[in-house]
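One chain, chain A, appears in both complexes that follow, with chain B as partner in the first and chain C in the second.
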Partner chain A sequence: MNLATLAIKNIRRNRLRTVLTVLGVAVAILSFVLLRTVLDAWNTGAEHAAQDRLATWHKVTFVMPLPKRYFEDVRQVPGVKKATYINWFGAKHPTRDREFFANMAVDHETFFDVYDDMVVPPAELAAWKQDRQGAIIGASLAKQFGWKVGDEVTLNGTIYAGEWKFRISGIYTAARRSVDQAQFVFHWDYMNESLPQGRKDQIGWITTSIDDAAKGGSIGTAIDKAFDEREIQTQTMSERALNSQFIGAASAILTALDIVSVVILVIMMLILGNTIAMGVRERTREYGVLLALGFRPGHIVSFVIGESLTVGFLGGLVGLGLSYPVVQQGMGRWLEENMGSWFPYFRIPALVSVGALVIAVMLGLVAALIPAWRASKLDAVEALRRLG
Partner chain B sequence: MIPISYNVRNLAVRKATTVASASGIALVVFVLASSLMLSEGLRRTMATSGKADTAVVLRKGNNAELSSAIDDPTVGIVRSAPGVKAKSDGTPIAVAELMVVAFMETSDGKGRSNVQIRGVPSDVLDFRPEVRLVEGRPHKAGTDEVIVGKSISGRFKNLRLGDSFELRKNRPVKVVGVFEAAGTSFESEVWGDLDVLREAFGRRGVVSSVRVKLDSPSRFEGFETAIESDKRLGLDAIPEREFYEKQSEGTTLFITVMGVLIAVFFSVGAMIGATITMYAAVANRKREVGVLRALGFSRPMIVFSFLLESLLIALIGGGVGALCSLGMGFVSFSMMNFASWSEIVFRFTPTPEIIGKSLLFGGVMGVLGGFFPALRAAAVSPVEAMRE
Partner chain C sequence: MSEAEPIITLRGVNKTFTRGKEKLEVLNDLDLDIPKGSFEALMGPSGSGKTTLLNLIAGLDRPTKGKIDVAGKSISDLGDSELSRWRSQHIGFIFQHFNLIPVLTALENVELPLLLTKLPGPERKKRAATALRVVGLEDRMGHRPAQLSGGQEQRVGIARAIVHDPTILVADEPTGELDRHSADEILGLLTKLNQEFEKTILMVTHDPAAAERATIIRKLDKGQLV
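What follows is the complex of A and B.
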C-alpha cells in the first residue's frame, strides 16, 4: 500500500460526508457560475456593441426630438458612410402590456443598411419596403407573442396615442451577440403622416455607420460641431459608449452581484474546510501511528491537502456539470426567449467555466491550510494518547 | 427531557466546527435579509410618495409621467371635476406638472445617467407640504433657477448648491436650493419652473400629469368616472398610491427574485454544511447517545435534542447575519428604475418582519440540515454503542 492508495481510502472512508461535501461545493460553484453569467450577459451589450456606429441625439435629453432636416446635414459630414433615423415609439401589446419590447419608427430606405447586423431575408425586406404598414420583428419577439409573417397586429400607443395597425412583413435574426432580438421596427412615414402638424417631421435620433471605427471620436465631434450654432445642439457617441453608460446606470446592482458571487465562494470554503478539519480531528490517532512509523509531518500535510484538493476538484466538476443544463439550457433559454430585451445572449462564458474549476481547486487548497497546519504540529506520543 | 445545557456545551467543545457552520448560515441570512431590505426600501420610497387622498391623471394608456401629455384646456377640465377639494377661496387644490429627463454626468465621472426633471407651478409647496428646503432657498417663479432633491444632489456633477448646468445653449440653469421630501422619490428629482422648462423642452401648452387633492379618498370613484367617461379627453385617473406602486413594480420584483434565488442557492450550500457538522457530531458522540438511551431517554427525545442543537447553530448564525444586515440600513443605494429610465436613490430598510422572516428561514435551514443526522442518532442501539 502506497501513500496514494491510503489517501484514496481516506476519502472513501466516510462516503456520506464526502458526497455531501462534494454536493455543497457543487452548489456553490453552480451559483457562482450563475452569477458570473448574469454579469457577463449584462455586459455583453457593451462589449459586443458596434464601435463603428455612432448615435446622435438632442444634447440635453432623449425625450426631445431633432428636426428631420438634421439627417441630411449629418450625411454630409466627412467620414460618415451611411446614416438612418429612428423614433422611439414606446407602444405596448394591447393585452400583454407589461411585457416590454423596443418598438421604433425607422426610415425604411436606410435602416437595415446601417444596422447590417440585423439580418432580414431579402424577399421579406423587399416586401417590407413596399408595405407602408409593414413591420419587421426579431425572432425572439415573434416567439414571445406567437407572431408570424403576414399577421396583422395592433399596438397601443403611449407617446403617440391611439391604436396602430401593422402587418408583419419579415423576421430578422442577429449577426452579433449584442443585438436585441425582441425589437419591432416599422415605417417612419406611416407614423409621421398620422401626426398633427406640430409634431410632424421630427426624429428621435440619427444613427450613422462610419468608415473607420478608430475615427469615431473625431467624426462624432465633427457632427456635433455642425449643429453647434443651430437652434438645437447634439451629442454623438458610439453605440458601445452608449451601451456602457446604460449599464453604468445599473452598476449598483452589478456591484452587489459581484460581491455576492465572492461571498458564495467563502461559504464553499467554510463547508470544505469544516469537512477537512473534522477528518483531521478524527484521524489524529492514525496520524500518530504514521508518525511513529517514521512518516514525516510533511507526508501528513500532503495527505490533508491532497484530500481537500480532490474534493474541491470533484465538487467543481459536478457543479459545472450541473451548470450547463440548469443555467444554460434552462434559465438561459428562458431568459433569451422571454427577456430578450435585457439578456439577448445568456450563455456561460468559457472563461467562467474554466475559472470556476480553477477556483474550486484553489479554494480546496486554502480550506486545507489550517487543518494541515494543525496536523503538521502533531506530536506522535500526544496523538496516540488522544482519544478519538 | 435532555437539558439544553448539554447541547450548548457540545457546541462549545467543537468551537471551530460550530463557527464554520454558523458562519455559513449567517451569510445566507445576511444576503436574504439585505435583499428583502432593498426591495422594501424601494417599495417604501415609492409608496410613501403617494397619498391616499390624491389622484394622478395621465393620458390614456400611459402609466408613466414621462410619456404622457395633457394640453392646457384639458387641465382646466380636470381641475373642475367633481370630488376635487377646494381652497377656502374656492380654487381647486391641484398641480399640473411637466416630467422630463436630462442626461447628466455622474459625480464619480464614470458615466452618465438620466435625471428626472419636474416642471412645477409656483404653489407646489402648498400641494406637497412634506417638501422642505435643507439648503439654499426656493427657486423664483419664471426664472432659470431650480432646486434639487437631497438624494440626487451629490450623485451628479453640477447638481450641488450653487452649481449650474445648461438645458439650452448659453442659458445656464442655477441650483439655488436642496430639498428633502420625507424620503419619497421626489428626493431623486430636480424641480424647476413649469413654464421655463416647458419652453426649454419644447412642450409649450402641454403638461405630463395633473394631480388633484380629493375631498376624501372615497371620492376617487366619482372623480374617475367623471374623468374617464368623456372619451374625447382620453385620460386615465389612478390613486396616487397605486400609481407609485406600479412605478416600482418591475424593479422591486427584479430585486426580490434575484435576492430570493441567491438565498435559496446559498441555503442549499449552508444546509449541507450543517448536515455534515451534525453527522460528525452524531458519529463522535455515539457512546454518549448510547449512555443517554441506557439512562432511559427515548428515541424521540434524542431526535429532539439533536434537532435542537442544529437549531441552536442556525439561530446563532442567523442572529449574527441579521445583526450585520441591520448595519446595511446606513447604506443608500442608487439604481435605474426601469419604469422611468432614470436614477432613483433608496435605502436598505429593515423591518421587524424582514428580520423575523430571515431568522425563521435560517432556523428552518438548521432543522432541515439536522434532520437526517438526528434520525441516525436515534437509531443508535444502546448496547452496541457502549460496547465500542
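What follows is the complex of A and C.
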C-alpha cells in the first residue's frame, strides 16, 4: 500500500455511488462527444469543400433558372477550366417519400469532370453516358433503398410533375469528406426533352472548376460581370463560401449546441463535486485520525483530488468507450446513410476524443477544489470530536 | 517510577476556547511533570479538561498560554508542519472509537503511520505484521474492521499506535466502547507495553477499574489538577 492506493481505495468505499457517478460522468462525456461530433460533421461540408469550384446562379434567388446559353458564356471566362450545369429535380421515392435525398438533372458530358471527387467506375460511367434514362447514385443511397446497378427505379416528380423512370447505371463513392453519398444524378437531356416548350433549355446553376483556387474571387467577379448587361444577372460564389453561408444560416442552432455541450460538462462537474463533497463530509473523522497520525493537510487534499481525478478519468474512459459504438458506429453510420445530405461524414474527430478525456480529468480536478479546500482546513481535534 | 526524569513537562498552561462571544477556560495555569516510562491515568468529570490536556500533550492542539515540553522538545513553539512531523514520530494514538479505516485490512490500517516514513513497502509490511503479532492478531491481518470484534478492532488500533515505535502513547477512553472482558484484555496489553516495551502511557478514562491498572492516577477538575 502507498499514498496513491490509499486514495484509490476510498473510491471502492461506496461502490454503488462510485459506479453511478462514473456512469453519470460517462453519459455526460458521451453527450459531449455526440454534440461536438454533430458540430464537426456540420462544419465538415465547409471545411472540406472544394476551393477550386465556383457556383453561379440567378442573382435574385437560387430557385430562379438561368438560360442554358449562359453555360457557354461562363466557359469562356478566363481562369475557368471546366464547367457543368445542373437542375435541382426534387423528386421523391414513390413509397418512401419522407426520406429526402438530393436528385439532380446534370450534363452527362461534363458533370463528373467538374465533380471529380465523386468517383464512378469507368465502365459504369461509360454505360451511363450512353443511356439517356441512366442514373448514377451514391453508395449511401444505394444502401438506403437497396438499389443496385441495372435496377429500374421510378421517382415521382414534384417540381417536374409525373412519374420518371430511370435505370441505375453506376454507383459513385466519395473522394472527399464533404461529398454527399446520397445523391441521385441523371441526364439533363432526359428531363429537358420532356418539358413543355416554355420550360425548356433552362438550368438551375452552373458549376465551374478553376485553374487557381486563390483567384476564385476575381474569377467569380469576372463571371458575374459578363452578365451585368444581360437580361438576367448572376451571382457566383465558391463552394466553400456557399457551404459556409449555409452553415451560417444554421448558426443559432450550432451556437445552441455549443452552449449545451458546455452546460452538460458543468452539470457533470457539479454531480462529481457533490459526490466528492459527500465523501469528504462522511470521512471527516477519518481525516481527523489521519491528521492526528501525522498526515498533513496536503495529504488530505491529495486524497480528495486523487479520488476525484480517478472518478473523472474512469468516467471519461467509459464515456469514450461508449461513444465509439453509439455515436460513430451506430448513429454515425445511420446518419451517413439516411441523412448524408446534412452529415456526409459523421465520425468522432480524434481531437474531440482526446479533448473529452482531458476535460473529464480537468473537471474532476475542478470539482474537487472546494471539497479539497474544506478538507485542508479541517482541524484534527474538531474532526475527531464532530462525529466521534 | 515517580523519581524518573520527566518526559512531559507543562508549565503555566492555559487553554481557553471561544464559542461566539463566550470564553471558556478549560485548563487553568496547569503545571505537570510526567515521568518517563510511567503509565498514568487521567480521571475527572466530563468537561474537566482531560481530553484537552491529552490533545495538548499529543501536539494536536496548542495552549493559549504556557509551555509544553515533550521528550526534550518544546512543542508549543512548533509550526503546523513541524508539529505534524513530530506527532508522526513521537506519539501513538489510541482512540475510544478505534477509528480504523473501514476499506483497509488490519495490516493496512497498522501500516498507515509508516506511509509517512521513507521505509520501503516490504519493510513497512514486516513492521506492521510484527505490531499485530505483539497485540495477538497475527491471524487477522487480512481482515477488515467490519470483520473484527470491538476488542480486536481496539487491538488493531493499539498496533497502529505502536508500529512506528513512538515515545509516548496517548489513549482517550480506550475501553469506553468495550465490554469488561475485552476491556481487561486491552488494559493488559497496555500494561505489557508499559512494562515490557517501556512505553510512557497517558490514558484518559472514566472507568475506575481501568485507572487501577495505571501506576499514577491524576484527577482533573475544572481545569486544575486536584
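Basically, the second predicted complex is superposed on the first by the 386 of 388 C-alpha atoms of A that agree within 3 Å, B and C clash if a C-alpha of one lies under 4 Å from a C-alpha of the other, contacts with A are read in each partner's own complex, and residues count from 1 in each chain.
Convention: contacts are C-beta pairs under 8 Å (C-beta built on N, C-alpha and C of every residue); 3 or more make two chains touch, one makes a residue touch a chain.
None of the values given here were measured: they were computed from a predicted structure.
Novice: Once chain A of both complexes is superposed, is A:381 in touch with chain B (first), chain C (second), both, or neither?
Specialist: The answer is second: A:381 touches chain C but not chain B.
Novice: For A:9, decide between first (touching chain B), second (touching chain C), both and neither.
Specialist: Touch partner of A:9: chain C, not chain B.
Novice: Quick check for you: in the superposed arrangement, does A:292 touch first (chain B), second (chain C), both or neither?
Specialist: second
Novice: If you stack the two complexes on chain A, which partner ends up touching A:334: first (chain B), second (chain C), both, or neither?
Specialist: Touch partners of A:334: none, neither chain B nor chain C.
Novice: Just to be sure I read the superposition right, which of the two partners does A:268 touch: chain B = first, chain C = second, or both, or neither?
Specialist: In the superposition, A:268 touches chain B alone.
Novice: Should A:233 be classified as contacting the first partner (chain B), the second (chain C), both, or neither?
Specialist: first
Novice: Contact-wise, after the overlay, does A:373 reach chain B, chain C, both or neither (first, second, both, neither)?
Specialist: Neither: A:373 stays clear of chain B and chain C.
Novice: Tell me which partner touches more residues of chain A in the superposed arrangement, chain B or chain C.
Specialist: Answer, by number of touched residues of chain A: B.
Novice: Touching chain B in one complex and chain C in the other: list those residues of chain A.
Specialist: 388.
Novice: For chain B, which residues count as touching chain A in their complex?
Specialist: Residues in contact with chain A: 16-17, 20-21, 23-24, 27-28, 31, 59-62, 64, 66-68, 100-103, 106, 110-114, 166-169, 200-202, 234, 255, 258, 262, 265-266, 268-270, 272-273, 275-277, 279-280, 284, 333-336, 338, 343.
Novice: Can you list the residues on chain C that touch chain A in the complex?
Specialist: 55, 58, 60-61, 80-81, 84-85, 87-89, 91, 93, 95-97, 99, 101-104, 108, 111-113, 115-116, 121, 124, 160
Novice: Mind pulling up the chain A residues that touch chain B in the complex?
Specialist: 16-17, 20-21, 23-24, 27-28, 30-31, 34-35, 57, 60-64, 90, 92, 100, 156-159, 161, 233, 235, 244-245, 248-253, 257, 260, 263-264, 266-268, 270-271, 273-275, 277-278, 282, 388
Novice: If we count contacts the way the header does, which residues on chain A are in touch with chain C in the complex?
Specialist: 1-3, 6, 9-10, 12-13, 285-286, 289-297, 380-381, 384, 388
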